[in-house]
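Notes follow the structure.
Order as written gives the chain letters A, B and C; numbering starts at 1 within each chain.
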């Protein structure tokens, strides 16, 4: 009996009817069963691929990707996920299109979606705008479908917005689940989601937000650590706090990195900008205040430079559980002495965790494929069983 | 009995043997049966897709696109059409290629076509050059096929040249046909193809030319309206005039926008450059006369600015048949107060027609796919019947 | 009995077990049987395609291309080869990725390869670095596969490095084999691999190196001609010399272009940079010595300009066997009076050989596909027989 078969059987027990034809914005929009379903399908698709079974569920169709920020791994993960399911990726490159000529989001959305089954959008540059853009895009497609412009209603995979980075955080968590031997082993595990110094500034908040919003659903003890002023969105902290009540988790905040690392089972040290500063930047851009933006940047860089000691050093790692916490990063990391003089992590720490780090990343294509699978197939358990039992191979010879 | 089945039966009655392995440059190269065949196949492919039937006629093969001007909807329409039929799109990006290193068109054409079944080219920037480029490209491929360099002779879909924009205008017309409930209802309908003001200048003439060359084949009463000096190519006007005799249509010219809008069933107000000015620009570029080009641009912008009153306002719309003419635009439109201060259309008019406008655009992928289908399949009616009767689904589950 | 069938039977006799899951860096890494296998599979795939038989061996999977230098024909050849076998090409564009943010080669390699079956890399800009880069990339993937990060170990096709250009030179040789009616007719044929003048400087050495390293394996009489100072890598000359002993070939060096052309059956005149100068350039870049690089460029251009007489003129062609040697070029050529004032070849010579030149290029997609086929299929002869005997068509109707 294959792993895919077992996972399909598990999937049958979950209440996931609401996933069909739905978008994936934020993990906290989804029920526990829906989150569990994404993990099950991701693992099942991986099992099918490892056993050279076809996972094509489309014989034609497009997955449209729109990256409003640079990307390597998410871009390739999305392309891989589309290909795995039989969709061809088409990149909407705003520079090559006529969008600059004053086209509205609503118009663009419809124009690229005539044969699209899936839309993947990364828009994480401005706080209060990334999610807004995705929502506007998908509302336009909903309208387009309702009014008969589109034959199908494509579904969204949020490839990172200003609020959440669900494909990243779910890949992170699936890695954690495998590492600890099952979701049932996560209860009580101590997670340090901490800020870390990077010479660059202005990195999105979506990873720390996504982590505190998701990991607190699994009975874990999550500490969010950052220097004063580097707070994340209060709405997401609120979600983490509500999760604690519901799931018996803990969510603590501290301005002391060491406190977070103390006895941690999992550490996730990475740089991000402060929410308040990012709000200010959004306002300044909206007002076209270039001098104000330059001044803000200088101020933030100066402030940022005061926290060079927030780094994942060997000494810091020694504080963790048996000195061997699982080190997570969404990559690329700012590695001291490698990609910058002083950064988020010591190179010796980073190098020791290279294999687990890359494994962590390897879950992303399957998480994305699972999100597509669940949004596009009415009876995903039956489909998995048929793929598993079928004769079609991925590689014919 | 499915719509695709009925359309395949209609297709059987048409004389379209000459379409196999032929290029699609201009609609006026094609017979009435050939034009009817494109519409029938486009509708049939749409019906098949709506019923989740496979439309893959290739299991491998490339569709090469070459855009010498920015594009969103035509680019995605071409990619969608290729994907629908089983071809993978490959973009020939002149910036990333070695074409700048002095490669000839003949060489490039052959080098990218070893496994190409279809070529799509947009080249609309310079009058007298767009079509010329496409012709040179395809002549090179004809040679390549004849001399055994290429295993197959790819067929061209003109994605816009300086003369015609057949995929646009046929999508426009298919939309009109559906709107009025059949091609038999077009006789006598009044069409206003009119110039409209846009702050930018130098837009291609291919849409107004394509419209007067195609719509006059359907017994319609087509008025071409523009300010003095904004004439289109005389050769295409001549085609429109000849169509009138052959098809009992009317073709009128006026310098009065209101005259064109009066009682119109269909209005198509959009900006374009004057043919004479574009000819001059081509000459200046050929001569490398940069000062002359700048001077011309200033002169044209000044001239252009005098015609701000050529706009599709609510008042203008009131002049049309029952105040409810079908408003067409190839998109993106220059909308007053939205994408520019003063432009081609009032935002209230544009917004009222949003759904039909997007529907108009939705026909383009199918028109392109139909052109490919008819050029690549010897017995397209039989192929449609087989696809319609077959068991292969586009989406398996 | 089809040609593909016969070629599959020939393939059965070759000892090629070591090709499965192996990378293709340099032709001289491969045994005679392995080289023969690439030619046999390339011809067989071409035969299958000409007879409209499916050559899809993957139903999903990616071929990743990474071009660190501009390319038209190799880029399209790789994309075509992938498509022919059922893989989707994904381009790793270093400008759009986060590589600039300090990501290591090892990391990038793993991040783009989660669902990759094939990697194609062109890196020919700096001597001693192109091959090094490819090796580092593939070692990282080997590690990734061994440690369970990747489900499959993608195989490399070297799309040009600083040392060899195997897809080009094998396409060149397959063209030569077809031209002379079989590999058995190559013995004793005189080949002039000669330097030729081009106003640009710094072209890669991989083509002359690849040619002398490969053509000397077929009993041919290969002359490498260039002005003093334009030597190629000594290691590759050494390989050519060793081939002579093993295969009864001849390898001669001269600084006289006429001597090389005299009685030649095949001429391959093209520009390249001198190995010593390219080594110096690599050192200067490593040291960040911009002034030194500019000075070097000026010196090389001045030196280069002294050899304008090294051109493939009509007079030079008259020296060759019956004045009718087969003229080869990897394209694009610098054609005198066409792409430059004075260049590698007279336009009348180039024009006379246009059809054979394009045929030469037409083998490259099949050579690449054959390299992939042999690295990805355990029993390639059986696979060819099955494809040849099967009912699946490339184009269904």
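The rule is short, and it goes like this: a residue touches a chain if its C-beta (ideal position, glycine included) is under 8 Å from a C-beta of that chain, and two chains touch if they have at least 3 such contacts.
Just so it is clear, the model here is predicted, and its values are computed rather than measured.
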Exercise. When you check each chain against subunit A and subunit B, which touch both of them?
Worked result: C
For this session: Between subunit A and subunit C, two touching copies, which fits better, same or different residues at the interface, with half of the numbers shared as the threshold?
Result: different
Exercise. When the Cα trace of subunit B is superposed on that of subunit C, what is the rotation angle, expressed as a multiple of 5 degrees?
Worked result: 120
Seminar exercise, completed: Taking each chain's centre as the mean of its CA atoms, subunit A sits from subunit C at a distance in Å of 41
For this session: Provide the list of subunit C residues touching at least two other chains, using ranges where the numbers run on.
Result: 56, 88
Exercise. Tell me, which parts of subunit A touch subunit B in their complex?
Worked result: 56-62, 88, 90, 92, 96-99, 101-104, 106-108, 110-112, 114-115, 117, 144, 147-151, 376-380, 382-383, 386
For this session: Note which residues of subunit C are touching subunit B in the complex, please.
Result: 46, 49-50, 54-56, 67, 70-73, 75-77, 79-80, 83-86, 88-89, 331-332, 334-335, 338-340, 354-355, 358-359, 361-362, 364-365, 392-397
